[in-house]
Amino acid sequence: MIEQAWIIAIIPIVAWLIIFLFAKALKEKVAYVGILAMGISLLLSVLTFSEALGGTVEKSFPWAVVGDIKIPVGFQVDPLTAVMLLVITIVSLMVQIYSVGYMHGDVRYAKYYAIVSLFSAAMLGLVLANNFFWLVLSWEIMGLSSYLLISHWYEKPEAAAAGMKAFITTRIGDIGLLLGTIMLFVYTHSFEFNVIAEKIHAGEINQGIVTVAALLVFAGGVGKSAQFPLHVWLPDAMAGPTPGSALIHAATMVAAGVYLVARAYGIFVATPYALFWVALIGGFTALFAATIATVMTDIKKVLAYSTVSQLGYMMLGLGAGSYTAGIFHLMTHAFFKSLLFLGSGSVIHAVHSQEMHEMGGLRKKLPITYWTFLIGTAALAGIPPFSGFWSKDEILLAAYRSPYPVLFWMGVATAGLTAYYMTRAVILTFFGQPRDHHKYEHAHESPPVMTVPLVILATLAAVSGLPGSPFLHNAFGEFVKFGHGHEAEPSSFVMIIAISAALLGVLAGVAIYGYKVISREKAIRSWRPLYLVLKNKYYVDEFYMAIFVRGTVLLAEIVGFFDRYIIDGLVNLVGWLGMQLSFLSGLFDKYVIDGMVNGVAAITMALGNSARRLQTGFVQSYAITLFAGVVIGLILIQLIGG
Amino acid sequence: MSYLPILPEIVLTAAILFLTLVVVFYQGENRNGVMMTGTIFGLSVTLLTLAFVPPFAGYLFSGMLTLDGMAFFFRWLFPAVGLFVAFMAREFLEVKKAENPGEFYVILLLAILGMMLMASSGDLITIYLGLELTSISSYILAGYLREDPKSGEAAIKYFLMGALASGVLLFGMSLFYGLTGATNLVSISGILHQVGAPPLVLAAMVFLIIGLGFKVAAVPFHMWAPDAYEGAPTPVTAFFSVGPKAAAFAAIIRVFTDGLSSLVWEWSLAFAVLALITMTLGNLTALWQKNVKRMLAYSSIAHAGYIMVGLAAGTWQGTVAMLLYLLAYVFTNLGIFAVVTALGNREGKDELTDFTGLSQRSPYLAAALVVFFLSLIGIPFTAGFFGKFLLFGAAVQSGLVWLALVMAVNSAISVGYYYTVVRNMYLVAPKNKGALPVAGELKLVVTVALLVTLILGLFFEPVLGRLVAFTLPG
Amino acid sequence: MLSSLIFIPLLGSLAILLVPREQDRTVKWVGTIFGLIPLLIVAYLWGQYSYSAQGMQFVEHYDWIPSLGISYYLGTDGLSFPMVILTALISFLAILASWNIKNRVKDYFFLMLLLETGMMGVFVALDYVLFYVFWELVLVPMYFLIGIWGGPRREYAAIKFFLYTLIGSVIMLVGILALYFNAGLNTFDMLALAKHKFAPAFQFWVFLALFFGFAVKVPVFPFHTWLPDAHVEAPTAVSAILAGVLLKMGTYGFLRVSHPTLPEAAKALAVPIAILGLINIIYGALAAMAQKDLKKLVAYSSISHMGFTLLGLAAMTPVAIQGAAFQMFSHGLISAMLFLLVGMIYDRAHTREIAKLGGLFNTIPTIAVILAFASFASLGLPGLSGFVAEFLVFLGSFGAYRTFVIIATSGVVFTAGYYLWMIQRVLMGEAKKEYLGLPDITARELGTVVPLMIFTTLLGLFPSLLMDIMNPAILGLVAKVGGM
Amino acid sequence: MNLQLLAFMILSLVTLGAAFKVITARFITHAALYLALSFVGVAGLFLLLNADFLAAVQLLVYVGAITTMLIFAVMLSQVEEIRQGAAEEGFWRRILSARFGVIPLAVAAALAGVILYLYRFANWKAVPVAPDPNTTRSIGQAMFTTYLIPFEVASLVLLVAMIGAIVLTMKKEDRSR
Amino acid sequence: MIPLFYVLVVSTLLFALGVYGALLSTNAIRILMSIEMILNAVNLNLVGFGRYITPSDPRGQIFAIFVMTVAAAEAAVGLAIILVIARRYGAAAIDRVRMLKG
């Protein structure tokens, strides 16, 4: 099966085509087409995963010959791909099943399912691709589907704006990736990761070039995985339907950036400087996003910032040198984050609002959602034995072992904050008194089609940590490793610190929100300025809007004006000037000049006018010119002819 | 001394005399129609006899006539021009109710005879007489509509200036007679080769250049042309812009290439300067014109300028280029004037504004006019393009690149005034509605002119080949 | 076979003259049939086309005016054959889209077929005079098409277009004649003149003269002001042809004439051309962003996209030129599609003001979706032909002009910017009440746009379809020019 | 100072003086008569230059035909002015005025000056052979042999002049008699 | 024997007078007279050259004869046209004839 692994990516495309072409005929049944396709892909992925244990496969076919170079098309299946295939197919299947309930009765139901299938196909294609060219191809198609999904309900102006913002911000990142690809190609004459990696190891390219190329590729990752400078689009992307966000903006697409760094790890490893930057940006984003999440009131915004933070975590892991830790956390995060999103989706479905202040005490009303949400929160917060703890521990371990201790302390602080804001979210949503009675009455548990995926994901969230834990003597590490995969020996100190940070966070959350030991209002008042800064997301959005967006539009206005009046005007101006000139010369002449357009033409008109007025119509003057001509001719011919 | 070589001229004279009698004695009412058919018949027979005449008869009548390739070219071109003008004249004369329509054709034929002589003369005297025959008939034709004040004014101006110019020409000829003791061109050139270029010879040359330059309406001796063209009846204007102008060029070629070949450097330079001024001033002033005939007058002056570029080249390629350009120019201009006549017969006057909406009133004429203008500008697929292209080539080969460039720029300027007519025809709604009824013969003239312009544009080779064969020196 | 390609549209135009004026339907049917036949011939030729053969194929060489060295010489190779396909396809679609022309239908279709003859001729002519003849022939119908059936300021736009291009072509003619006389081979055959070695100093001046003639057509930055006016005022089908094919004549001129015949001058002037290309990209993109009129936005985007071709041309590496040639074809498809769609919107909403339009996704969904598709193709979404072209141009010119490419990528972002902003303002949002009752796309209109969509996607996913045709010719050209 | 030179002087003076009077005569009729006198002078010069036949033709054609025609024309066109004896008013004022007087004078004088200047340098290939005594016979002989074509054309020129004059001036009296 | 130069002087002066007359006068008939004078000057030239350059050959005089005939024809047509003008403008005053210009 591993030989034909590319079929996994083709099935969802077939599903997309079927849905796209027969949307009217299928109506409700489009969901089943999507789910069926994803089911088959899942089965194939499991098969491929089992075969992949044996060994990796890589195949490429000639796709296009351009001038003197050949661009190949190819796919490869190695442990990383195998894991990712599994993760993507599982999450995508769960989301599609969940969406049957959530999206029921949506005006563009078929379009939604088409986008999800297209996205899944693109993501699968991404992980299967063995060269940059096709990676970029599926990378951008994912960008398109995220754009389509965010602006799914384009009647709402903020959804349309969010879609555009997402696409352009990721586009800026993609430019980096593109340039990086081109730069690598110029020096290695190949697009394939392995070939490039070998050539870099062989030292054919000087260090400076590789660093720049790596950073450019990383820029692509920053854009897609919403890392620090380009993170602004993810929170706004919540305007899209929640299950879609769960799939795309939580689990898989945003993880593509991390996957890219992992896939091109051969390049990054060769430049420690680039790796440091990856870790630094990852760490910083993690902390930065976590602080903002603590003050968010919209449940989906909390989860969005939490995703940005966790992605930072993965980048931190990879940047700190541990390839396995990053990917392990990516897997576990995919499960519990999609669980949390779907959970929040069923809450929103129940109370028809995303504001946590309008919720509260839903524990009794939505028992399954509550319990699965609780498991997800525990996993995310890093409470043992749930999966989050193991993968976060690995990353902290890597950060601890890495030559930059500051990374480790950033990780620990983020872990603490994560625990705090997740506890706050759980309490605000499920515990305490219901703040909006009207909504509370109407709240009802989601139908089984929504709760079943929640349960499955919950179990996965709980269990998925074990392969990386010592109990199964680190099976995951054995399977997914880079090169010979040196594994940092576990240190109990790191584990203790991690657990204590998590517990501290939970306690703080319970203290403030549970038993109101420290009153929320007093805390806000005392650190008023900090609260405001956090509330406005460090004013990053406003800053970008002012500098880049307003700047470009202004520049455009100037260029537009310049073109309409200056360049075009130049021609008309000269034309107008020429006409004024000739008008002056013909001032007492009653002929109105037949509005000649071109400036040059107007000047010739002026000359013509004076020539014309020689013609006085008076025979005498003709005769004089004739004989004067004779005399002048005679004189001239002597001067020249002689 | 057999008279076979000049049979066409004899036939034409016979036709003239016969038609004079017809005019006097035929009292029937449709005098105009009868005379036209008579003229057409006469000219056609002349053209036919041309077919039987050996083109290369060489020097005849003790040097009076040189019937070489060029002479043959012109001797069939002018009767053809006569046919076109005759076709155009009939309806015009009827519409304008000219008193004696019959004589118009007789004088026209006489003019054509004069032009044929000018083209094939080998002696100063025959050139002068041919020139005068054509000129005098032109003065009469210009003033033919006695009632129309404009026609009278055109005639008087044309006459006075014409007479003065022929005075200048004669003076030049007398000087050459004095300097060389001969009036025959070939003997003159023989003697001149020994004499070289003393000041008086150059002076005499200037007199000749100006005398003939006047006839061709070269600037600054062009002043008479716009008034004469605007004033004269439209078919006559058509005739002026094509007939006498081409004959004058024939005479210039005859005099300067056969007679003054030793002074080639001097006169080619003179014509280069004249060409420059003529085409530039012609184009510039044409931009301003409101009256179509006056605009076409300036356009005709500009084209005289282009043709002079061939002279400025001073080589036989230049001459061939001139002949071919003349061929293209003649038929295109006749076509244009046929359309102007057709419109003039209905509207009465020839202002630019009368052309508005012509494309809706008679699409065929409008389309034909566009093609003719394209040919005058020199857009490919038309005869004008290859004419200009050859002139361009001849100029560049003789090192006059600057003159070639000026010609290119002038062609661009000429778009200006042709465009205004096209704009009126196509983009402006017609002032007075109703389809434009066009007389049969005018449509025939337009169609034939259109065919020649396009065929020359496309199948250029046979014409060029035969022309080159004819006018090869010696 | 090539002569049939040129003269069948001409036959068609003459046939239309015979159809009486008031029978609009028959005129339209005759026009469509004579538009279709060249397309079928091109398909047949595509079958016959041998991908490996070097040099010209389907050659027809007859003497026209031997004494001047002018010959009726037709032939096509990797460079011109894609353009022939493009011309045939877009002309047919434009004719199909012209069915809603109301006044003077007969003249309209006559001029359209005449225009197709001219365009087809330019791309297959291998003799300079023939090339110049067809180049001018395109000018006359275009002037009348814009001048008579155009929008409010059509007269101004038409004469501006005519004068710009005429002066350009007159100077080009001077350049050609200089080549003819300087070479002294007494022939106008392009390939022979290309083999002739000209003195570098002479090359420089002739290149400038030819550059001016082609630059006006492309259009290159300072000479571009005629394009927005011509596009806005021209009727839909005409602006589709104008953007789809006419702009390519300029760049085709560079590839066929300037570069092979004057290699030293091309190399010497490579950097300035690259800079101009860069200005085109950035200037066009920014100007597009500032436009209030939908059609003007697309017009400026054409200027920006042609900038890529220029950049590719300047880099002169095989990949860059392949990218440039690919962009010519892909931009032809995409811009034609965009203009046809804008025309459909205009026919329904009777306005092109972006501010007035809105919520079209709900009112005319199919057209809106296709417009979104075309916009994404135009901003270079991978998987569609736009991306392949831009990627190759970047790839090829990165070696030579590293900084230019980096700046040019900002152009890509701006392009994404103004297209998405357009989609947001025009297509998204609430359905406006005045546009509620509008009829969605008709079968005929769909027929004009679907082939273009198919081609764009096909070329996006399998560019080798087109690249295999172009490769041999481009390798030959680069070898001739000596590469950067 | 042989007899011939004296005669030449007198005749030249007569011709040039009459010519000047033609231009400056206040009455058009007087101008016509002075013209005739000038033609006679020229005829005399012809005689001196051994062109006796030509002198006779000159007298017949110019003095006889053309002058009379001129006078007829004057009578037909300006009969009222002549009746009132109104001379062309302000004649002298015009001669001296810039526009009409000075420029023509300057042009004519310059023309004469240049031509005479050039004559001085020209070396004429004069043939010292005695002139042909019987010019009339040689003219007649040449006219019908070498110059036959011009002769015929001259006759056609006269024909066209006749037709033209009739066409332009004939009053439209009833033709169908 | 009168030297050729003297004859030429006379003919040139006559020519100049003719030109002066043509440029000066406003009466068409007077211009016509001036034209006749110019032609006479040319004839004088021709006869002069005939006498001195080709004494044995009547070439010059024949040319003069032809000039005369043409002069006569020209005068006839000229006067006819002048009469046409005179009917319209009264006296043959050329300066009133200014309709066609520009």
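For the reader, a short list of remarks on this structure follows.
We just call them A, B, C, D and E in the order they show up, numbering each chain from 1.
Quick note on the criterion: a contact is a pair of C-beta atoms (placed from the backbone, for glycine too) under 8 Å apart; a residue touches a chain by one contact, two chains touch by 3 or more.
What you are looking at is a predicted structure, and each value in this text was computed from that prediction instead of being measured.
When C-beta pairs in contact are tallied for each pair of chains, D-E comes out on top. Nearest to the common centre of all protein CA atoms is the CA centroid of chain C. Centroids built from CA atoms put chain E at 26 Å from chain B. Separating the CA-averaged centres of chain D and chain E is a span of 6 Å.
Rounded to whole angstrom units, the spacing between the C-alpha centres of chain C and chain D is 73. Spacing of chain B relative to chain C, judged by their CA centroids, is 44 angstrom. Of all residues in chain E, those that touch two or more other chains are 15, 18-19, 22-23, 26, 32, 48, 53-54, 59, 62, 66, 70, 73-74, 77, 80-82, 84, 94, 97, 99-102.
Counting partner chains per residue, chain D shows two or more touched chains at residues 100, 103-104, 107-108, 111, 114-115, 118-119, 124-125, 147, 150, 154, 157, 160-161, 164, 168.
Shown for chain C are the residues in touch with two or more other chains, namely 159, 163. Across the assembly, chains come into contact as A-B, A-C, A-D, A-E, B-C, B-D, B-E, D-E. Taken in their complex, chain C has these residues touching chain A: 156, 159-160, 163, 222, 224-225, 228-229, 283, 286-291, 317-319, 321-323, 361-362, 376, 381-383, 387, 391-392, 394-396, 398-399, 405-406, 409-410, 412-414, 416-418, 420-421, 423-424, 427-430, 462-464, 467-468, 471, 474-475, 478. Put simply, chain A touches chain B in their complex at residues 591, 594, 596, 601, 604-605, 607-609, 611-612, 614-615, 617, 619, 621-623, 625-627, 629-630, 633-634, 637-638, 640-642. Of all residues in chain E, only 19, 22-23, 26, 94-95, 97-102 touch chain A in the complex they form. Touching chain B in their complex are the following residues of chain C: 63-68, 107, 129, 132-133, 136-137, 140, 144, 147-148, 155, 158-159, 162-163, 166-167, 170, 173-174, 177, 181. Looking at the complex, you find that chain D touches chain B at residues 114-115, 118-119, 121-125, 145-150, 152-154, 156-157, 159-161, 163-164, 166-168, 170, 172, 176.
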